[in-house]
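Just so it is clear, A, B and C label the chains in written order, and each chain counts residues from 1 on its own.
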Amino acid sequence: MGVHPQLNKNGELQHLLTTEGLPVAILHHILDTAESFAGVTERDVKKIPLLRGKSVFNLFFEPSTRTRTTFEIAAKRLSADVINLNMAVSSQTKGETLLDTVNNLSAMHADMFVVRHNQSGAAHLIARHVGPEIHVINAGDGWHAHPTQALLDMFTIRRYKQDFRALRVAIIGDILHSRVARSQIHALTTLGVPEIRVIAPKTLLPARVERLGVHVYHNMTQGLQDVDVLMMLRLQHERMESAHLPSTEEYFKYYGLTPEKLMLAKSDAIVMHPGPMNRGVEIDSEVADGSQSVILPQVGFGIAVRMAVMSILAGN
Amino acid sequence: MGVHPQLNKNGELQHLLTTEGLPVAILHHILDTAESFAGVTERDVKKIPLLRGKSVFNLFFEPSTRTRTTFEIAAKRLSADVINLNMAVSSQTKGETLLDTVNNLSAMHADMFVVRHNQSGAAHLIARHVGPEIHVINAGDGWHAHPTQALLDMFTIRRYKQDFRALRVAIIGDILHSRVARSQIHALTTLGVPEIRVIAPKTLLPARVERLGVHVYHNMTQGLQDVDVLMMLRLQHERMESAHLPSTEEYFKYYGLTPEKLMLAKSDAIVMHPGPMNRGVEIDSEVADGSQSVILPQVGFGIAVRMAVMSILAGN
Amino acid sequence: MGVHPQLNKNGELQHLLTTEGLPVAILHHILDTAESFAGVTERDVKKIPLLRGKSVFNLFFEPSTRTRTTFEIAAKRLSADVINLNMAVSSQTKGETLLDTVNNLSAMHADMFVVRHNQSGAAHLIARHVGPEIHVINAGDGWHAHPTQALLDMFTIRRYKQDFRALRVAIIGDILHSRVARSQIHALTTLGVPEIRVIAPKTLLPARVERLGVHVYHNMTQGLQDVDVLMMLRLQHERMESAHLPSTEEYFKYYGLTPEKLMLAKSDAIVMHPGPMNRGVEIDSEVADGSQSVILPQVGFGIAVRMAVMSILAGN
């Protein structure tokens, strides 16, 4: 599959593995399709038969109730059969290799694998391995990518801000360990956002992050000036306890989003968060529940975006 | 929602949280509706499309395979999509608050939450918090309430004894820690049962239990005299091991239901138990499997009652 | 039920518990029915309504993601409602007996139980206990039987070799602890295979295994001579660590299937394995992935065979 591991030879989406290198036309196609599904989830009867008779396997090598649930709901609303496999406790422990496991599930005539794995590249590995009738969706691999999260974020921005080409966007928090941030930066860049900022302490930034085309800030006062969109990141508990941070109180003081800091952004700026939130660590409750927060709408859009990705893949 | 936290402004059932204060007309409506579903589960094709396109979330913060299964079956027979969430191992452990979790699931366009929690009031808290399009069913909260269990018990009594207003009912066992007993007492009272007895050692009775309108007995010989219905309670293992009881042998000797003790009740008395049973602790196998036992029919009625509650909620 | 615990009084399949004593006509009926489903799983829409409205309970007292998944897929493709019960962590731990658990699930109007248990005879016990409207499928009990695995193996052999009555078949590995091997031997015998060989070290063979009508070999060089079908067994990790074997390297040297050893068999011999494979222990990767391996097709046939068994049971 060469340069574009996620496209088929007609240039259509075969797998969704990363937002990096995803053509802008496909990005727009996903967002437009999601727009039509955003209505479905608000209708009284939420089921549509697009994936009827298809089998979607949730392969979660790393536990995540929330993300697994959103994919399960999306697939069921498309009338697919969903098989949840908690791979952390399954035949992996019987000594079988990852690819033997995948071969076996493929032989059960799976149509789609939704893969979460703590190792970067796991979804790519599986996608390279399966036959052309199977589609792989990366639901988060190590620190690498989480494309459906980034896509639902793009959907949210488009809903509230329309034109990507006039925006100043800030991503705030633990960029270093965040697959969400990487996927957001690639998607924002492709969609033509002229100014992407990252705001984080040095210990939570990847080396040479500027190469991704972002502007680096180490303090909120400068970084939030006149931004249209604030994308908060979740601070992982393991980071809090490690040498990366002095304390969560310190972190909140400098990088926690308070009403005061939010006032530095444009008055109509929106606040986003991928969840689950650490209130009082990366975000103040007053902001999380405030009028500029679009955190809960994001969740609903997440279902629509995942339905869109699944239905596009199933059609290609 | 004021006095009736589970009714909407038209006086219809919005949530099912407790049998306390539940209007008698609604109680009868649930039992009548369940009667129609009791037939469905015996039909060859058990599916009816009343909840098609609806999403029912089982939120079990406390594990219970049996109760979760009955709700899952009830929802699937109504054609709903069911999402099982084992909340004990999910994002709660990631530090998210209960209400943030509920907000997130609501944003996924849930229609119904079935909630089990080891803290009294958890289902009420969630019900007060969600929007009007979401219905909450309490599947057991702490020592407080377990309304669907009480409703299936009422359904069972009505099936075998018809008129509630002519009955003498005894509830036997660990009343103190039992959400089932509390919900039974409220339902029996509302349905007009003239004499409700509780039979238990003093250490397993709540303070001032008489205020609930029940007659208190500390021995079976007196308590079982001429009763029509015997509602046994499960003795929790943790109680057996605590200071509340000398030993399970002692308990069985004084409060275990044996064929001899059962003869003190009316000759056509029925024996009920919410399960799972501790044979040889609160009930003798000869009684559990005997001709007066309606313990297994209770289970089937439980599906019908849960289908009734779900379909009534979905229609309001 | 007497001589044939799995047949009803009309001689039809009421339960599938073992391949031992299963009449050859029923064996062929299952294989023929599976043939029609093997097509379904390759069709675009895989769902057929044969079990619509039926409730299939997966009762797994022993964890097995893979086997549970194949039954779940088979049932869903037949449009059944599937309830997965991880019995290892459910009310069994609350002190309820196995038969009380089964009684309760039966009272929920279950139609089919798929049972896996680490004790031989568990599925038989349940089958003897349930009413005539419930069908039990043994998904593996102790060292005793695993009939659907054996049936999918027979289906595989028939696909590639057509006539059972002209075959030399070798079963290789830990026969002693293998319910798969026992079920294979009974099925092969009934289907008229004239020569069944078992190849294993003495410590991994049951006492007096010849009574089953098999020829015993202790080395591959003699045992593989001119065979048509090689049925490898999985070497359980617990055996590797026990006194039964010196080391996995030793085992591989003598009993591991390598390309060299495979050349002793007929040139068109097929290689089978029930999975999950221990590459480099009982089988070399070159053989597992080689042109004579039919290990992956076996998995797909497993879905078709399980659909066949379920639909035949539901019709009787």
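In this text, contacts are C-beta pairs under 8 Å (C-beta built on N, C-alpha and C of every residue); 3 or more make two chains touch, one makes a residue touch a chain.
None of these values were measured; they are calculated from a predicted model.
Chemist: Going by the touch rule set out above, what shape does the chain contact graph take here: line, ring, star, complete or other?
Modeler: Drawn as a graph, the chains make a fully connected set, so complete.
Chemist: Between copies chain A and chain B, are the contact residues mostly the same numbers or mostly different, with half as the line?
Modeler: Interface between chain A and chain B is built from largely different residues.
Chemist: Can you work out the rotation angle that lays chain B over chain C using Cα coordinates, in steps of 5 degrees?
Modeler: It works out to 120 degrees.
Chemist: Could you put a whole-Å number on the gap between the CA centroids of chain A and chain B?
Modeler: 41
Chemist: Can you list the chain A residues in contact with two or more other chains?
Modeler: In chain A, nothing touches at least two other chains.
Chemist: Under the stated contact criterion, what part of chain C meets chain A in this complex?
Modeler: 41-47, 63, 65-66, 69-70, 72-73, 76-77, 237, 275-279, 296-300, 302-303
Chemist: Along chain B, where are the residues that touch chain A in the complex?
Modeler: 52-55, 81, 83, 85-87, 89-91, 94-97, 100-101, 103-109
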